[in-house]
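Pasting the structures in now, so scroll down.
Look for subunit A in each of the two complexes below; its partner is subunit B in the first and subunit C in the second.
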Partner chain A sequence: MAIAQASTSSVVGKSVKRIDVQEKVTGAAQYTDDIAFGNALHHCRVKRSPHPHALIKKINYDKALLIPGVKLVVTGEDFPEYVGLYLQDRNIFARDRVRFVGEGVAAVVASTEEIAEKALDAIDVEYELLQPVLDPEFGASKEAPIIHPDLEKYEHPNFIFPVNGTNMANHFKIRKGDTEAAWPQCAAIVEHTFRIPQVQHVPIEPHVAIAKAEENGQVTLWASTQSPFAQRALLAKSLHIPESDFRVIAPLIGGGFGCKAGVTMEAIPVAAALKLKGVPIKLLLTREEEFYTNFVRQGLVIKLKVGCDKDGNLLAMENTMYWDGGAYTEYGVNVTRAGGYSSTGPYDIPNMRTDSICVYTNHPVGGAYRGFGMAELHTGVGQIMDMLADKIGMDRTEFHLRNCVRGGDVLATGMVIHEVGLPECIDKVARALKLGEKEAPSAPNKLRGKGIALAWKAPAMPPNAGSSALVKMNADGTVNVSVGGQELGQGTFTAMAQIAAESLGVPYEAVKVLGPIDTRYSPYEWQTVASRLTWSMGNAVRNAALDAKKKILDIVAEAWNEKPEDLDIKDGYVISYKTEESIEIKDFVVYGLPKADDQGWLGGPIVGAGSFMPTYVTGLDAETGQGERAVVHYTTGAQGLDIEIDKDTGRITVLYAASAFDVGKAINPDMVRQQMEGGFVQGLSSAMFEECQLVGGEMRNPSFVDYRIATAIDVPEKIDTFIVETAQDDGPFGARGIGEHPLVPVIAALANAIYDATGVRITNPPFSAEKIYMALLEAGVVN
Partner chain B sequence: MSYHRITLKVNGSLEVVDISGNMTLLQMLREKLALTGTKNGCASGECGACTVLMNGDAVNSCMVLAAECDGAEIITVEGLAKNGEMDVVQKTLVDLGAVQCGFCTPGVLISARALLNRNPHPTEFEIRDALSGNLCRCTGYNRIVEAVKVAAEIEGQEGA
Partner chain C sequence: MHNPHPGLPELDYVKPASLEEASRFLVEHAGEARPFLGGTDCIVRIRDGAWTAKYMVDVKGLEGMKDLSFDPQKGLTIGAAVPMNKVAADPAVQQHYPGLVEACHWVASYQLRSRATIVGNICNASPAGDTIGASILYGGVLRVFGPQGFREVPLDGFFKGPGKTTLQPGDIAASISFPLSHPQHACRYLKLGRNKLGDLAIVGVTVMAVPARTPSGYHFGIVLASVAPVPLRAAAAEAILESKEIDEAVIAEAAQAAMDGCKPINDTRGGAAYRKQMVRNLTRNGLMDVWTKVRK
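Let's look at the complex of A and B:
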């Protein structure tokens, strides 16, 4: 037997190429809309409310049914049950009232999309208009009309606190220390209110779903989704289908950013399919629908008061947040909760009072968006910290370093935080930007400035969100790893292959992690959200690989009459440290090994199984927000920009940007950098351009022409990224997530740079050229 | 509704296709020829995901009627590789980590190919300008720009 060469290099920490890239550059990658269903395919279009708030008096669709090719019309009458992830406040179609412009009131199924679209005009809906709620602060007041009279009846988990008889779907509180006693001790206090508008996710792939129900009770949903298992659970419950009969198939997705989490439009074709069995029914949203009918990032009004002593030590903060939850807050209530428990931002503040309130309005439905409340929160916190540093007269970087969270700090919730590399992140960004050095603008009509902001975020999820994985050995020595987490472009399949290869002891090239995710065959995963996969699913994959490894070594140990502890797997060979024997694993991981006397066999096909679920997250007190461990962990970081502003136009040019994040351990450093770059640019786009222009509840800019996102000419030519690694104690190889975080501090960092350049603080994004120019005009900087 | 039979060349193959008068080139490619590599992102000529080469020019295939393509030569992402060898822009996008979700990638590749065909030595600004009609929400663009730059260098060396 040949002695295998022991592996000297580790694949964890290496920037291997992404596993799905070949298919993506050749056009072979299959997304949901690419699946062919043949002639049986039927198409679905949705009749939508033109009103933000109205009672439905009557729906008449008799004329629609007479149109040739129309097969079915369904309405809210057909589906009385609620559906929702955290607060079950939503029906598949509006029933007795509509609560936002674009809400579905009926759906038509027809043989072609054109016929279905045409039939929508033949549906008459009679409405009685109600006063809409278009502002979250007003919505929380006693004067506001009640949008959900049945709020007290809605099911919700015990960590969501609706206030019955109001529009407040969740009120999260923190009461730590004594802010009232702290204010007189402050040498400087700053108060300010910040307003952040709704923005849209804008994946380039629109939402699409195809559903088919069989006479035998089986239901299949093909969807562009981040959450095949959550969709199965929520829809199966709402529609009274056993989960075992509900199959969700989730191919690669063309961008999610949170809008394809939970259940959104997928419920509609599923509902239609239950009434028209045997044929696949497809709903593909138009780009216009993508803009005005989907989850938005909630708008936020954040009122901050923060104070420090004469040496710049933070003493107290009061943070009141009114989240514009929109018409349904089934998912958004947890954004409010996340905003609440993280409401200090990454700062150590001994006295804290937080009220984070999710308010029903007649605006588009708020949901998950990359960062899950953190970009909005940090837009306020990241600016007011600079304002306070200036007021107390301290160097801003020194102020951030003095007050940022460090390992062992007791957070606002009472949780003691693990070691974090935030000071190192601040230092790296400050050096890269040459913060504190004033540099000359490139022309006399330009102003130049630099700004930084810090960020933190914890995975926002139920305390017991779990992952699982299977490691299946093949007879040629290759390995298939099955997971239930979705490849959104973040590279999770690649990272999982690296973790599996490293844990099992096989070459990276031998491991394949591929989609589609299929709830019938893939192991359970809660959802692909919260930057949780590298950590949570990574742990499950590692556990599955270690399980397979143990099974492999046990067989060999028995065959060789050795102890498993003396054996290991390196580069696909089992080796004995004791005898220096070796055997290639492909020789036996499926067909087993003959016993030493050749009479009979050992082993059999090897499948490793692994799970992971955090078991240590505790509840938080409803009145004080205090508890032992609010979250699993925080990823922290810092970001900065060097910008110029054209005094004649107000236009910003970003000259340079730097990001540093503490990812625990970079499983694939280049893909970590890709997240930092892409997340920064998405954040920059929201900071400079993006806003859902809601007038009377109606979105006025639902197209790429009117809702501009950053293009190749808008981004800085140079973006530096720094990876800091302070190991996560329960992360695979020490890793924690990075997917969302690079977007979190951008708005605040840009606002701080604008102030540094102009001396004018423009607090509310987007920082359009027009807005900046008008502010400079008003401040007398230009005339 | 009018119906037409058109003849065109797609990725080097001669095709005869029966189409309705309102069918777009994008629909024809995806639904009649099973070339689903070309993506539908907005169906209104704004996102660039459906970009293909039509007689050598990059066009939004959602804004071109199939009926206009009689006699045309179309290249889609599936036609970029030659004899199993990827186009240099495909290779550089892979090598430089310029692909994430991949949905904009086919359109980006076609726009890049069109640029290098008409301008083998583009400046950085010319690259950014040529790609400004291709929206990408994942990558932040810089790696794509760098990949096109490197592709131009490689092709320049090969041509020399």
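Let's look at the complex of A and C:
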């Protein structure tokens, strides 16, 4: 018999309409490139290195300055300071040497983009070529030329471990248990090396930034960015601007996926603006520049060895990762740290030895990319677990279930993990896929198979990355919530409105969270990265809303001569549980309440403030990687695919995909599902198509002609998504992040499905039709 | 270092009032002027620096360029500026030249095909041109206006290399005509790109079967895309298919001959070895398909 439930007005957990849907679908939403600056606007173009590794002997730009319309040329001489998020290894322009093809050596500012571009040809740069490092394993060796001779001088936080005198910008280690002692006890051991190429984020909106410096010292940057506050902090330091004078305005953004985090090309117009006061200067990257001059996802060579006992219990793993960090690793070093502390994947392994090595190469610069190292790591771990299950002769799903992390497990870093719903995720995906059930292909020339892979990821960030929020009450009962986190398509403004509405006790429709983020007016947020906003900014918004609520209730309590504990706010009314009195909040949240008999007033404009910063993340030992709490928490999940492969062409058709992730609490279930679908599709794209084809340091396919991404027709018609909710103790309403995670397991899951379909293990993405066909041909599956 | 340029270089847009004027301008500016139709190749190639034209000569509006006509006795004429979407949507083309419709559907995207033209696709002379194979197999003849007036140029021998044709400065392809197709013919275009749609061909195979008085009872036509400097006619395979009674084994033999007769290159889109294999497999599949259809 059904039990009647008390009706609640809860908006958390409801798939309310996105707050920004109208402006986006009608095209009214304003992006950075849409902002008009009038005739004063000048344009910037960048002179770039054609060489992967060379010394700069001389730069002569005299001729460029003579071109009518050219206002300014700047070079590395003008800006000696370093900039960088974690390891400060980068100048705004190359100074003594260039380290990758496409690195900026000078910039021209001119009245038009065409003139600026033309002036680049009038800049002569004399180079002395050096041997490039084009492979991370070679780069880590003693034979490799040193790319950053000044490594030892670079500033970095205490959790980054550069190896001075080498190309190793970070060497993260885990030594847990005794792997050497464990190997003899293993009934099955698998060893394999996997290679994952660089890929690019491919935001549909390329990077764009406009900067203007005023005579009074004020500097403004308008940018398509995930990180207005980090950009303010890093550029202010590098260019000696007080943070209070430096304003970053961040309109809506057309895709970031990590490449618009930290500071990259934005530094160039800001630097130029400081030399040309009063003039707004714009730099808009071409698609080609987007591909090879800004961040890419690092390449990875991952060498894995893993063993289990006769019952399939994992006993030990050795994981050696050589990350192709590219020419600068200011951001990338922390990708390799994340790869290190999560290097088991979501498995419980008692004996662990990890070396996660970030290597400088003369390749494009590695940076944050949705998943932050996890997709690359899981490409290896997710495959080798299937290989080991096969070797020990155990059902693959059973093997994953037996070994996956569970609440209370001691992780490789020594951290005890909170409750996670990973077994439930595996179960849901396995059932949806009918995993283990061999199904017939649709035609005789097709092979059909299924694969599953698990994923985990923790927010990767400094231990003390903070958030803040303001809740401002209006006289009509509406509420403005100010945040510093960026709406980059993920729906964070909507989720924040839901959290604020729920916490404050007002209808969702009454709450507005709007951009642009403006460092002058918006409260601080570290960066919009790491799948951390719902959790971290959500906590700040909740705290701000609770602060406003407390202020509201205090006023009413005084007016009604009641205790605040007996009062609550529901649907925009303060109600008393004791007296059943009520008052609409709009009547007093700005103008206050009159005291009786016209004897003065109570209250005043209500502004709630809240912040959040995790205070409980501890350091890890440099030699063993052991510590109390490496990360705040992990989001875990599983994903699987049912595929067909055409034996005539090698082409994959994905028939069906299923994802299940434990998000703690889905603030907005539809948006959680959209993240699961979108992450899967982006992951599938990287699994099937994407690769920066680097030859001699030069990218051969920097355009959509030859860098293919998945389109609607490449995606399965049906994708099922399952939301698992094991509440997170430090998250708002129990929520944790989901933005990156669905991308993480795709490559491994697809590789496992290909193996299931063909009996041929093809380990290194992208799994192009050609790669599959030629492997099948070699294996004799086709002839 | 690949092109990081933000836009087109400076160039003049010229819109002549007549074919004579256009031709004269193109002669006078030989080497620095290009006729353009939909612009879907021109704009891209000029931005890439592959072409260094100073003048783009818009010939879209000239007489007859936008006409599409079908005559049940004579066949089909497609003006040079008729966009592919219009061709593909035409009922007469759909009925009599289904292979051309299929080929159009494989070009880039719907949006692009609202500008892209078949004559432009042919004159651009990419070995990967999707509509070229069908145009050849349907017996397409270009009507070219040059300094000496109009002349007819069959596609056989027209292609000289990637981007190279027998057209001379001052020549403007005004239309393409196709004779009436055989009512029992079958034609397919099988294209393999990296994505399922919207990509350039790694390999493309156009096959046609027409009932004929040959030992096999059919004429077969096979044109291969992206495996040679020009669209490649698989003559040895065609010969096998006309000389023997058709069965699966003969089709396999012909497909093998098509594979053996091409020498593709390695490029960013695909390797030579894979391309050869795909020529065989797609030719075989295409032939099976058209044979099954014409046999009915």
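Note that the second predicted complex is superposed on the first by the 775 of 783 C-alpha atoms of A that agree within 3 Å, B and C clash if a C-alpha of one lies under 4 Å from a C-alpha of the other, contacts with A are read in each partner's own complex, and residues count from 1 in each chain.
Note that in this section a contact is a pair of C-beta atoms (placed from the backbone, for glycine too) under 8 Å apart; a residue touches a chain by one contact, two chains touch by 3 or more.
Keep in mind that this is a model prediction, so the values were computed, not measured.
Steric overlap between subunit B and subunit C is absent once the structures are superposed on subunit A; the two fit side by side. In the superposed model, A:701 makes contact with subunit C only, not with subunit B.
Between the C-alpha centres of subunit B and subunit C, as viewed from that of subunit A after superposition on chain A, lies an angle of 40 degrees, to the nearest 10. Contact with subunit B, but none with subunit C, is seen for A:24 once the two complexes are overlaid on the shared chain.
Looking at the shared chain after the overlay, A:286 reaches both subunit B and subunit C.
Touch criterion met: A:50 reaches subunit C, while subunit B stays clear of it. In the superposition on chain A, A:773 makes contact with subunit C only, while subunit B stays out of contact range. When both complexes are overlaid on chain A, the residue A:440 reaches neither subunit B nor subunit C. Of the two partner chains placed by superposition, only subunit C is touched by A:102; subunit B is not. Of the two partner chains placed by the overlay, subunit B and subunit C both lie in contact with A:711. Looking at the superposed arrangement, the partner reaching more residues of subunit A, out of subunit B and subunit C, is B.
For the pair subunit B and subunit C, the least inter-chain C-alpha distance in the overlaid model is 5 Å.
Residues 286, 703, 705, 710-711, 713 of subunit A lie at the contact with subunit B in one complex and at the contact with subunit C in the other. Contact residues on subunit C toward subunit A in their complex (touch as defined above): 1-7, 10, 192, 194-200, 202, 268-271, 273-274, 277-278, 281-282, 285. Here subunit A touches subunit B in the complex through residues 15, 17-18, 20-31, 33-34, 36, 201-206, 252-257, 286-287, 488-491, 670-671, 673-674, 677-682, 703-705, 709-713, 715, 717, 719, going by the rule given at the top.
Residues 45-46, 48-50, 101-102, 113-114, 117, 284, 286, 288-289, 292-293, 648-649, 651, 689, 693, 698-703, 705-706, 708, 710-711, 713-714, 768-770, 773-774, 777 of subunit A touch subunit C in their complex.
Those residues of subunit B whose C-beta lies close enough to touch subunit A in the complex are 30, 34-44, 46-47, 49, 76-78, 80-81, 86, 90, 93-95, 97, 99-106, 109, 124-125, 127-129, 131-145.
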